[in-house]
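Chain nomenclature is as follows: A, B, C, D, E and F, assigned in order of appearance, with residue numbering initiated at 1 for each chain independently.
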Amino acid sequence: MFYTDNRLQFPVRVEQPDPLFARALQQAIGGVEGEIRVAMQYFFQACGARGDPKFRDLLMNTAAEELGHIEMLATAVAMNFEGAPLSLQEEAAADPVAGAVLGGINLKNLLSAGLSAMPVDSDGVPFNMSHIYASGNIAADMGANVTAESTGRILAVRLYNMTADPGMKEMLAYLIARDTMHQNQFLAALEELGGNENIFPIPNSFPQAEENTDFNYAFLGFQNDGSEPPQGRWSSGPSIDGNDAFTSRPMEPLGEVPNLGRARPNSGAQAEQE
Amino acid sequence: MFYTDNRLQFPVRVEQPDPLFARALQQAIGGVEGEIRVAMQYFFQACGARGDPKFRDLLMNTAAEELGHIEMLATAVAMNFEGAPLSLQEEAAADPVAGAVLGGINLKNLLSAGLSAMPVDSDGVPFNMSHIYASGNIAADMGANVTAESTGRILAVRLYNMTADPGMKEMLAYLIARDTMHQNQFLAALEELGGNENIFPIPNSFPQAEENTDFNYAFLGFQNDGSEPPQGRWSSGPSIDGNDAFTSRPMEPLGEVPNLGRARPNSGAQAEQE
Amino acid sequence: MFYTDNRLQFPVRVEQPDPLFARALQQAIGGVEGEIRVAMQYFFQACGARGDPKFRDLLMNTAAEELGHIEMLATAVAMNFEGAPLSLQEEAAADPVAGAVLGGINLKNLLSAGLSAMPVDSDGVPFNMSHIYASGNIAADMGANVTAESTGRILAVRLYNMTADPGMKEMLAYLIARDTMHQNQFLAALEELGGNENIFPIPNSFPQAEENTDFNYAFLGFQNDGSEPPQGRWSSGPSIDGNDAFTSRPMEPLGEVPNLGRARPNSGAQAEQE
Amino acid sequence: MFYTDNRLQFPVRVEQPDPLFARALQQAIGGVEGEIRVAMQYFFQACGARGDPKFRDLLMNTAAEELGHIEMLATAVAMNFEGAPLSLQEEAAADPVAGAVLGGINLKNLLSAGLSAMPVDSDGVPFNMSHIYASGNIAADMGANVTAESTGRILAVRLYNMTADPGMKEMLAYLIARDTMHQNQFLAALEELGGNENIFPIPNSFPQAEENTDFNYAFLGFQNDGSEPPQGRWSSGPSIDGNDAFTSRPMEPLGEVPNLGRARPNSGAQAEQE
Amino acid sequence: MFYTDNRLQFPVRVEQPDPLFARALQQAIGGVEGEIRVAMQYFFQACGARGDPKFRDLLMNTAAEELGHIEMLATAVAMNFEGAPLSLQEEAAADPVAGAVLGGINLKNLLSAGLSAMPVDSDGVPFNMSHIYASGNIAADMGANVTAESTGRILAVRLYNMTADPGMKEMLAYLIARDTMHQNQFLAALEELGGNENIFPIPNSFPQAEENTDFNYAFLGFQNDGSEPPQGRWSSGPSIDGNDAFTSRPMEPLGEVPNLGRARPNSGAQAEQE
Amino acid sequence: MFYTDNRLQFPVRVEQPDPLFARALQQAIGGVEGEIRVAMQYFFQACGARGDPKFRDLLMNTAAEELGHIEMLATAVAMNFEGAPLSLQEEAAADPVAGAVLGGINLKNLLSAGLSAMPVDSDGVPFNMSHIYASGNIAADMGANVTAESTGRILAVRLYNMTADPGMKEMLAYLIARDTMHQNQFLAALEELGGNENIFPIPNSFPQAEENTDFNYAFLGFQNDGSEPPQGRWSSGPSIDGNDAFTSRPMEPLGEVPNLGRARPNSGAQAEQE
């Protein structure tokens, strides 16, 4: 169950409203690496968590935190639209260099939302909940969360570098810090689950003897000329999961030319296919 | 540039065609954790790779491999539809227990594709390319790939457990093995990039002094009663990136009640809001 | 800012797990009339609310409530999957009449989520955040919320009628009650905004003198034979907003045949169009 | 069955073509509050209407009207692209202040449609038919239509305020007038269905005795500190449906901490979860 | 402008309601090859037509026809749901063999639409208007329409073969006939535009001398072993557009290894990439 | 199975990087008429091909070619972002006329991809794999491919006309040439399948005697006044498939007013509908 106190988690200040930066901030709300994604991802992972309940609680607490981040960013978007032109005449009257606002924003923020935030990305594309990864495997989920926080921090850094507004930089410095912690906390959860040598290959509950053991630690090359693929840590030495050693070789086709035969009558094919 | 030899990478055999299993296999083609996703993800990461070119080559080779996996799975889907009913009468004539085929498959496989594979998931939802993560940050990308291969292997294991067909089990044992290797090879790439202590927090090019350092290694609790959040490796001890030590505390709101003021005239609000 | 206490808002009990009912419940989570929709809709309306802050608080409190409903339903979905078959063999071994489970569920719940809930509807289609209506007009938003709660209650009633499980009926009786209240509370908000005669036409801030006053209270018919359109409360008597009286008449075209002229050279048209 | 006469319902004139306004008009075609939505919504509601046929006829007539609105708007979009640059050189040669056209439009209107209208919104996102609400409940549908016409009129007002072109203002004054009527006509339909006291709670066919009557007229607060939620018409006095009286109180969790137990073997979880 | 007479274009009879066939029919409404697609495609092509107006009129008339087809199919869907179970108990009470209805239908047809048609395909996926192809090139559009009617007729044939209901067969025999005509009428439009030798390559307004003339009539092979690609009408003889002769050869890479260099500072990459 | 040599199929040069043109090029990658579409369409058609295997090989070779086109275009996009501003300050410091870059690009290319290509269209909308048409009917597929290459060449021509960069013009002259060939090669395949008189109506395996023969060669008019529809090659003379002769007439409704009766109890309708 969730509660609110109507207050912002961290102060949101905008010294110089900038509608184009509002558009950029939309990526942090409704982009695939944005806050709706992490809030809902941790929420659904928590709801489906099986096993030690401390992971569920970890996830639900951070879901609550991320909901507060959406709230902060939505407020920041609306504040950056302060004073934006509502008409082509207003725009034309503005400084031409500073102008070009209406063409540069997501028009839906004006036309559909009345200068407020929307659950869309920086190009106006609505967030799609297929991006909520909750696999039922706690290690895969924690890894997915490290990934989400990595792209989330990259985005926050790019936004931080994009603006010169002190208020926005302060807010983003907070969000970047939280992304640092969240990367670390989900890495810590993976360590608590045993670290690389225990958790991989995910899922670790499948007996590796049932895998095709000719292919589970070989780096395969698909160079057209049959040459060796690029070498690196992945082509020799012990595997990262500690279960075997890497090898490397060009791949050759082991299967036949596929042949589905002729089409069945009454299946909507051309007569020539039957 | 890409080439083909029209042959399958690995043999695809189906002893007992099963249209419901064909539906399940669709998840491995067009699901968010399926082969279209990894093929295209590695492809786009390679196309945008900056820095040491060996990572680009690593990615492009594995993209080529994954294209061959789509080909295998698409063949397997069509083969599992062998003998599926095309009409309600055919279905009714079948064994009632073995029946219920038409209701159990994605009807699009029959109606749109003529008993062949489609780029959709196991519930008939088309794959959406927003799931291609290519961030321009090589560490984030490699981490995203470990995640993709983790969920991919979970899926392949579930499919392996779902079927009793020896041909299908053999094909899946191959794909599971490749997922094992792919998890390891992208983990190896992360090791080559310096391991956890060097690559995190991602992006490692942002000066951490500019973060809000009161919040970058603190696990924050959002329990309604102000109690301590769940403790674990994430709440004390050195941080995983080696840059600081974890702390833990309940969070309190630092910002104000947000107030966007009154609506602007001519902005489409009700008169009462202006 | 949001908080959690990890507890469910209302007890969730399942006496007889039913995977098909789990699929049906998914509509109440990720359907367009489901709980993600209302939670996020009220959240974004609150974040963009301008004018009297009590509406923002009303919305944010109910957003918090709806988050708890998602949590309840996600728990109910997982509980209804208890004992579901994981393989075609398990299914075949089951009672044939009670069988047909794997064909009848969204396979993603098994293959992607490990028998847990997902943010998808009852046919496995992910929720899309374009369904979050937050217009910046408080009356339009409240009306949209009455609509959302109406379709939400219809859905809950259909689910209630579909199941015989006492635990599920009890949970749904709670959710139906909340939908009753939510319809009433948003209707109350509309009354507080002045009732039909004051709030309509939305937005009430636009001067009606600028409308085309030949057409703003006329019910227009488009019957092919030019006959009168269907009569009702909408074709005569005072308008509901109290500003005029209804009339009714067949419509005739007032514009010309549109003519965009010839295509511009170099615009990619055929030569014959230029 | 539908017929056409190839003429526009109302004159469409553009005195000063403006490609950016063409982009804005796209929202009225393919936005979630646009004309495709209402045309198709009324069409599907009519096709599924059960009960008194006058509602079906009301809906189908207005569907026919809205099809004509799409036609008008599509013509207006193409006319506003008149003279738009086709190349970066053309653009550079133009007045710099009036320039920035190519960056400000949806490029698909040029690249995919050759300067014509598309079924997309003002940010180029295609319309998705999940926005067609047709519930099978006539009161819910009529309420959804009032909502659609409310957001539609807000949009039309914003477009009216955005342009100074007399032709476009005239066309929008017509469309705004129609939205006024459509709000009123669907409100009239609700009045004919009995008005607030008879139609709510929707669906009115469900016996309220089966609801959880402790919760169906209580405004619940979710303030973190357990304080009273915001008071208003919704917290005391008779309910709007006339069936009870409002009360108000803070909510407390009535359910337990959810516990899904351990993961099933062979379900793709980590070994630690089983 | 559009008109209606509320009547069906062709009789719709269902002798034996079959909810599974209702699901299949949904593909003909909201599938990518369904009637919403062709209705809206011809409509938008007409609205953007430039050049000889007879093509616009041709398109708009057929758009009107297709709207009537949606109406017929939506009626057929609802009639096939007649008597479908609303609850798991109703279903269990039915004949087990004839049962499995609730698992076999799109549950949204019941839960969201109350046993009526929806603008979704046979797996419950909503139609997306990105499938409306209207290129601004009249020959490309007519070709796209032949394609749409081809897949449409394939679908109708598959539906015809799937059912044994005389009423449904009669309706589909009508729709199949119309698809025959529509293929022919759009082929006739292409003939009127000059036939293959005049209309191809589309667009025919681009001077072929500006193409890379080493590559515009060569069938290129991408076989891994450098062997000749498959031979056919496409590898020798005059080209179909009559402008040149086909040749055939294996392709070799003409470009370099791409190299984007190092990442820019402050662009969110890892330090190792800069 | 697929192979790579890491080289570009054709040289990609950019003399004057232009971020706005990078945005336009995105349409050729991720637009519905772009290269992902054709690559994946031919790939899936090949995987499902039944009948003469030369068509499968034709398709798979061209699929391999198109993958190389994506690679070229993705490289071109990244090269056109060379030197693009990363911050609002950088942008402000630039020449105001040449400026307005950040507002004119898809911000996701910067914020999510770090100035690299993405699988999205020119307005930032991700490609959706529902656009992969693979019907199981070889003639329909070849026709769909002619259509895809027609819209693809229109797009490439528009891009060619949009830019003045010699490197980009050279690359596009190559791609336009390939589209010329691809239109011709798929037309050649249709000729090999028998030409218009043999392949139409598609599917040619359905006995036309089962069609409604009153309607399969009649051009039907839907003019409101019952007048003759537009005449052309489609209204008289032999049909293009050679099976009959065209006629033309206005259509009249043959079906009744549809009547679904009253709503079932417990189906979620209003009481007034039951």
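Convention: a residue touches a chain if its C-beta (ideal position, glycine included) is under 8 Å from a C-beta of that chain, and two chains touch if they have at least 3 such contacts.
Keep in mind that this is a model prediction, so the values were computed, not measured.
Peer 1: Along touching chains only, what is the step distance from chain A to chain E?
Peer 2: So the least number of steps between the two chains is 1.
Peer 1: Compute the shortest path length in steps from chain D to chain E over the network of touching chains.
Peer 2: 1
Peer 1: Could you work out which chain's C-alpha centre is the most distant one from the centre of chain C?
Peer 2: Result for the farthest chain: F.
Peer 1: What's the chain with its C-alpha centre farthest out from chain D?
Peer 2: Here the answer is chain B, farthest from chain D.
Peer 1: What's the distance between the Cα centroids of chain A and chain D, rounded to whole Å?
Peer 2: Here chain A and chain D have centroids separated by 29 Å.
Peer 1: Which residues does chain B have that touch at least 2 chains other than itself?
Peer 2: Each of 1-9, 32-33, 47-48, 50, 57, 61, 64-65, 68, 71, 75, 78, 86-87, 96, 100, 103-104, 112, 114-116, 120, 123-126, 128, 130, 135-137, 139, 151, 154-155, 157-158, 161, 202-203, 206, 222-224, 251, 253, 255, 257-258, 260, 263, 266-269 in chain B touches at least two other chains.
Peer 1: When you draw the chains as points and link the ones that touch, which shape shows up: line, ring, star, complete, or other?
Peer 2: Chain contacts: complete, every pair touches.
Peer 1: Spell out the part of chain B that touches chain F in their complex, as residue ranges.
Peer 2: 1-9, 30, 36, 40, 43-44, 47-48, 50, 56-57, 60-61, 63-65, 67-68, 70-71, 74-75, 78, 112-120, 126-130, 132, 134-137
Peer 1: Which part of chain B faces chain D closely enough to touch in the complex?
Peer 2: Listed in rising order, the residues are 154-155, 157-158, 161, 224, 266-268.
Peer 1: Where on chain A does chain D make contact in their complex?
Peer 2: By the definition above, chain A touches chain D via 1-6, 47-53, 86-89, 92, 96, 99-100, 102-104, 106-108, 110-112, 114, 120, 123-126, 135-139, 193-194, 199, 202-205.
Peer 1: Can you list the residues on chain D that touch chain C in the complex?
Peer 2: 1, 3, 5-12, 32-33, 54, 57-58, 61, 64-65, 68, 71-72, 75, 78-79, 86-87, 114-116, 125, 128, 130-131, 133, 135-137, 139-140, 143-144, 146-147, 150-151, 153-154, 157, 160, 170, 173-174, 176-181, 183-189, 191-192, 196, 200-203, 206, 208, 210-224, 229-234, 239-241, 246, 251, 253-258, 260, 263-264, 266-269
Peer 1: Where on chain A is chain F touching in the complex?
Peer 2: These residues of chain A touch chain F: 18, 20-21, 23-24, 27, 31-33, 96-97, 100-101, 103-105, 121-125, 151, 154-155, 158-159, 161-164, 222-225, 251, 253, 255, 257-263, 265-274.
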